[in-house]
Amino acid sequence: MTDKDFPLIFEHSVPGRVAASLPEADVPDVPLETIIGAERLRTDPAALPEVSELDLVRHYTRLSQRNYAIDVGFYPLGSCTMKYNPKVNEDAARLPGFARLHPNTPDSQAQGALELLWHLEQMLCEISGMDRVTFQPAAGAHGELTALMMIRAYHDERGDHRTRVIVPDSAHGTNPASAAMCGYTVVTVPSDARGNIDHGALRRAADGSVAALMLTNPNTLGLFEEGITEVAEIIHGCGALLYLDGANFNAVLGVTRPGDQGFDVMHMNTHKTFSTPHGGGGPGAGPVAVKRLLEPYLPVPTVERQGELFRLDHDRPKTIGRVRAFNGNFGVLVRAYAYLRAYGPLLRQVSEAAVLNANYLMARLRPYFDLPYDRVCMHEFVLSGRRQKAQHGVRTLDIAKRLLDYGFHAPTIYFPLIVDEAIMIEPTETESRQTMEAFAAALVRVTEECATNPELVRTAPHRAVVGRLDEVAAARQPNLRWRPPGAQGRGA
Amino acid sequence: MSSSADWRPHKYLPLTAAERDEMLRLIGRASVEELLSDIPAGVRLRRTLALPPALADGDLLAHLRTLAERNGHADRLTSFLGGGAYDHHIPSVVWHLAGRAEFYTAYTPYQAEIMQGELQATYEYQSMLCELTAMDVANASMYDGASAFGEAAVMARDLTRRDEVVVSTAVHPQYRDVLRTYTRHLGVRVVELPHHGGITPPAALRGALSGNTAAVMVQSPNVFGCVEDGPALAQAVHDAGALLIVGIADPVSLGLLQPPGAYGADIVAGEGQPLGNHLSYGGPYLGMLATRQAFVRRMPGRLVGATTDRDGRRGFVLTLQTREQHIRREKATSNICTNEALNALAAAIYMAALGRAGLRRVAEVNARRAHYAKQRLCAIPGIRPAFNAPTFNEFVLRVPVDPQELDARLIDRGILGGLPLGRWYPDLRDGWLVCVTEARSRGQIDALVEAVATVVDSVAPVSRS
Amino acid sequence: MYPDDRKYTQEHEWAKRENGLIRVGITKFAADRLSDVVFVELPQVGTEVQGMQPFGVIESVKAASDLFAPVSGRVVDVNAALADNPELINQDPHGTAWMIVVEPVDASAWDKLLSAEAYAKLVGAEAQ
C-alpha cells in the first residue's frame, strides 16, 4: 500500500475495537462445549475488521463519495434505463410492515403483502398485454431462464422435443447464456440493413427444432422491429414461441403492448423500466409475464385471490418448480408498485418523453459521429466511434474515459456487438433538456480533443481518484481478497 | 398529440409541454406521434392504460401504510420463525450507510475509475466472506442462497466432468427444489440421501458415492438447526474423488462454529440475508459463493480484483470477466448479470460493525438463548427434542398439538411461533422448528414458554399420574 | 513473417512436425489481435484431441477464443510456462510460447494444413 492509496477497512483495524453493541446472553451460563461440542467450535475467529463506529461511518461515507450515481449526475447508459429512483419508494419499502415481515409468515398474517403483489400483477398484465405474472425471478437474466424453462415445459408436455433457440446477432449476452443454461443450443440470425432481424434468414432457421425466438423490442440498436407481426407469424408458424427480452420496455409503455405484438412471454426489469434502484449491481427484480398457454408452468409460488383473501399457491402440478427460495424480491417489488401507483395512466408520458429525449439527443450529436442506422430511434440510439478511430487513432473506449473528466458517466460502449466502436446512449425521461445539452456539449468537446490533443483522450481519465487501471494485471495475477499481514497465501 | 392540454406535469418528468413542442420543432417533427411511426398500426394501443389514477405522495404513503399494517411483522409479533431467513438485530449504521444515494443509485461499476467506492466495498466484502468461511475466494453475490446452491452444483459438474450430485434431505427443501430446477436441463442427476437423526450420516454417505459423483451437497447448520459432522463428510467425499459443497443458511453461525474451509469444503453456497439484511418477506436477499483458489475460473458471478493505475495507485476493477455472459455468451459459467450488490454492501458493513469479537459474541448469544429456550420448552409435558445432534439457533421439537394449531393460538398471544415441518417431512408431522436469535430477549423466551405450556395444557392435557 | 518450417490452420494455429510429433501454438496474427493475453486453458497430458475441434481457450481481458487442434491425436506435452507467464504468447508466439505437443493418429490431416505462403495470404486478406 502506498500513501496515495485509499485505505481498506482492514487497514483501520485496531484489536479490541467494536462498532456494534455486544449483547449479553442473560441466561444461565452453560459451557458452549456442552451446547455444541468442542470439536465443532471455531478455534480461529474470522479476521474481520475491528473498528469504532465513527471509523466505520467515515470509511463508508468516504467510499460513497468515490462513487458516481444517478443522484450525482447523468448516466446515459443505453439499455440500462438509468432513470431517477424516487425517494417515496424507499420510504415505502422501509415500512416495518414490509421490511420486518418474515417470509415463512402464514398467509393469513401476510395479507397486506400478498394484496400488494396481486395488484402489481394486475397492473403489469395491463401494461404488457399478458395474462399472468410471476414475481420469483430476481433479475432479468433470472427471468430469461425462468421463461425458457416454461417454454421447454410447454413443448415437453406436447411430446415435442425441440433443441434450439434463435437469437438475433444484436442480442444481449444473457440471452444465449440463459438458453445454454436451459440445455438449448443457440442459433444466431443476422440483422438487416435497417437494423431489423433479417426475415429471410429467420424463415430459414425457423423449423421444428426451434423452441423459441428471443427478441428485444425495441432492439439493442434502439429501433422498433418494424416487421414484428410477420416475425410472430414465422415463429408461431413453425410451432415455436416468441419471447421478449423486456430490457427496452421503457420505450413503449402505453404505446404498444408485447402481448398485442404476438409475444407469448416476456421478462421485465423493475430496476430499469420501473425505477427501482440499481444498487451498484443489484438487487433488481425480473418479473415474467405470460399468456395463458404458459400459465400452468409458472414457478411456485404464485399469488392467488379468493374473494377478499390472498394466498400463495405452492401446489401447481405442472410448475417448472422453484427458481429461488421464498417469495421473490419483495422489497424491490414494493418500490415498483409505488412507482406505478404514482403514475397511473400517465405512464404513457414516460415513454413519450423517453423517445423524444433520445431523438433530440441523437439529432444534436449526429453531425459528429457515424450513425450506422439512419432511422427514427426509440428510447435509445447507437452511434459509432469509427470516424474518430480512423482519423485520429482514438477509440470509443478513450472517448468514454475522457467523458468522465467532464463529470458524466460514459454511455454503453462496444455493445451491441454488430456495431463497430459502438456508443449506445439512452437519456431516459427523467433528464432535462439542460442536462442533455450539457452532455452533448461535453461529448462534442471530446471529439474536438480527438483532433487537437488525441493523447489527452487516449490517457484519460485525468480527474478521477485513480487513472486508467491495469486490467491486464488484474486478470493475469488475480488479487481477489485482502489477507492479514503474514498470513499464508494460496495465490490470491 | 401536440396540444398542451394532454400533457400533465409530473414530478419525475422535467419535460414541459412547451419544451416538448420546442424540441420537436428543433428536430423537424410535428408531434411525438411521428417518432412512433415505426410501430405498425395494428399493434398500437388505442386506449388509455386501465391503471388506477396517479396518487400524490401523501395518499400513496397512506395507502402503503394500510397495506403494511395488515401484516404480522416482527415488530408487532414476537417472532420465533427461522427456516432459511433470520431475524438478527441490524445495527443502525448498516442502512444509514448502505442507504446513501451514492451507493444505492449507482450502476454496476463498469467505469472503474469513477466507481472506486463500490468496487473497493465489494473487494472488502469478498475478503470478509473469505475470512468468515475460511475459503480462498468469494464472488460479489448471487441472487440468494438457494440459487447459489443450484449454481454450485453446475460448477462442480464443470470442474469434475461428472454428472451426479448427492444431496442430503437435511438440506432446506427449497434449496433442494431450486437445485433440481437448475440442474434438470443440464444432464445432472440429483440423488437424495436421507438424513438420520437430523444429520447426514457419513457412513451411509460412503455407500451412495461412485465414480459418477461430482459433489455431495449438505447444509450446516442444516434445516433442522443441527450441526453436521463436517470433517467426516469431507473425508468420505474426497475419498470418492468428489467435491464437498456446504450450504449455509445462517452465516452468523460461523462466528461460533468451525467454518467450512477448515473442515475441507470445496465450495460454500450460502444465504447472506442474516448479515445486515431485512427480512422483507423473502427478498431481496444475497447468495454467497466461495471456493478454492484453483476453481476461481469456473466460478459464476462477478469478481472484483485489486490492481494499480500507471502512477502505482491501488485501484479495483471487475476482473476475470471472460467467465461472464457479456463476453462468453452461451459458454459463460452462468447467465447472471445484475446480482445483489447493495445487499452485499450491507452484509459487509454488518460484518465490519460487529467485527472479530462482535460476531463471536452475537453467535454465542444465539446459541445460549436457543439452548435455554430448548431446555425450558422441553420441560413442558409432551414436548421433546426431535433430534439429539447439537444445534445452533434453531431446533426441532416434537409437540403434542398440531403445530399449525399451536401457531394459530400463539398469534392470538402476539407470538409468531415456529415453522411446522410436516409439509416437507412426513415423519415430522408433529415437528416444530423454533428459532431463537440474539434479538429475542430472555423475557420473550419465557413468555413463549408460558404461552406454549398454556396452549398444550388446554389442547392436550397430559395426565399427571 | 510466418516461418516456413511449419504449417498453419484457418483458425490461426501453427503446427510444427518434430520426429513424428506435432508441436502446436498460435500465430503472431492471432496473438496481436487478441492483445494482452491473460490466461490460457490447456488440456492435460494424455487427453485426446480432434482435428479442428477446440482443445483449449485463450483469454484476453475482453475476449475469449477457442484454440483448435490442427490434427487429431493424443497430447504428450503441455507448456507449463504459460500458466504463470501467459504474456509469453504476445512476446514469442512462434517459439517459447508453444502450447501442446500432439502424437498424431492420422498422417493425412497434415497435408490439409496451410503452407506459410497460403497462411500469409489468408491473413493479408483478413487484415484488410
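Each chain carries a letter (A, B and C) given by its place in the written order, and its residues are counted from 1.
To be clear about the criterion, a contact is a pair of C-beta atoms (placed from the backbone, for glycine too) under 8 Å apart; a residue touches a chain by one contact, two chains touch by 3 or more.
Owing to the predicted nature of the structure, the values given are computational and were not obtained by experimental measurement.
Enquirer: Which chain lies the greatest distance away from chain C when centres are computed from Cα atoms alone?
Expert: B
Enquirer: Just by CA atoms, which chain is the most central one?
Expert: Centre-most chain by C-alpha means: A.
Enquirer: Return the distance between the CA-based centres of chain B and chain C, expressed in whole Å.
Expert: 45
Enquirer: Determine the centre-to-centre distance between chain A and chain B, using the mean Cα coordinates as centres, and give it in whole Å.
Expert: For chain A versus chain B, the centre distance works out to 19 Å.
Enquirer: Let me have the rounded angstrom distance from the C-alpha centre of chain A over to the C-alpha centre of chain C, please.
Expert: Spacing between the chain centres: roughly 38 Å.
Enquirer: Residues touching two or more other chains, restricted to chain B: which are they?
Expert: 321-322, 327-328, 331
Enquirer: Two or more other chains touching the same residue: where does that happen in chain A?
Expert: Expected reply: 471, 474-475.
Enquirer: What are the residue numbers in chain C that touch two or more other chains?
Expert: 38-39, 59-62
Enquirer: Which positions of chain C touch chain B when the two form their complex?
Expert: Chain C residues touching chain B: 38-39, 41, 59-64.
Enquirer: Which part of chain B faces chain C closely enough to touch in the complex?
Expert: The touching residues are 297, 321-322, 327-328, 331.
Enquirer: Along chain A, where are the residues that touch chain C in the complex?
Expert: Residues 414, 471-472, 474-476.
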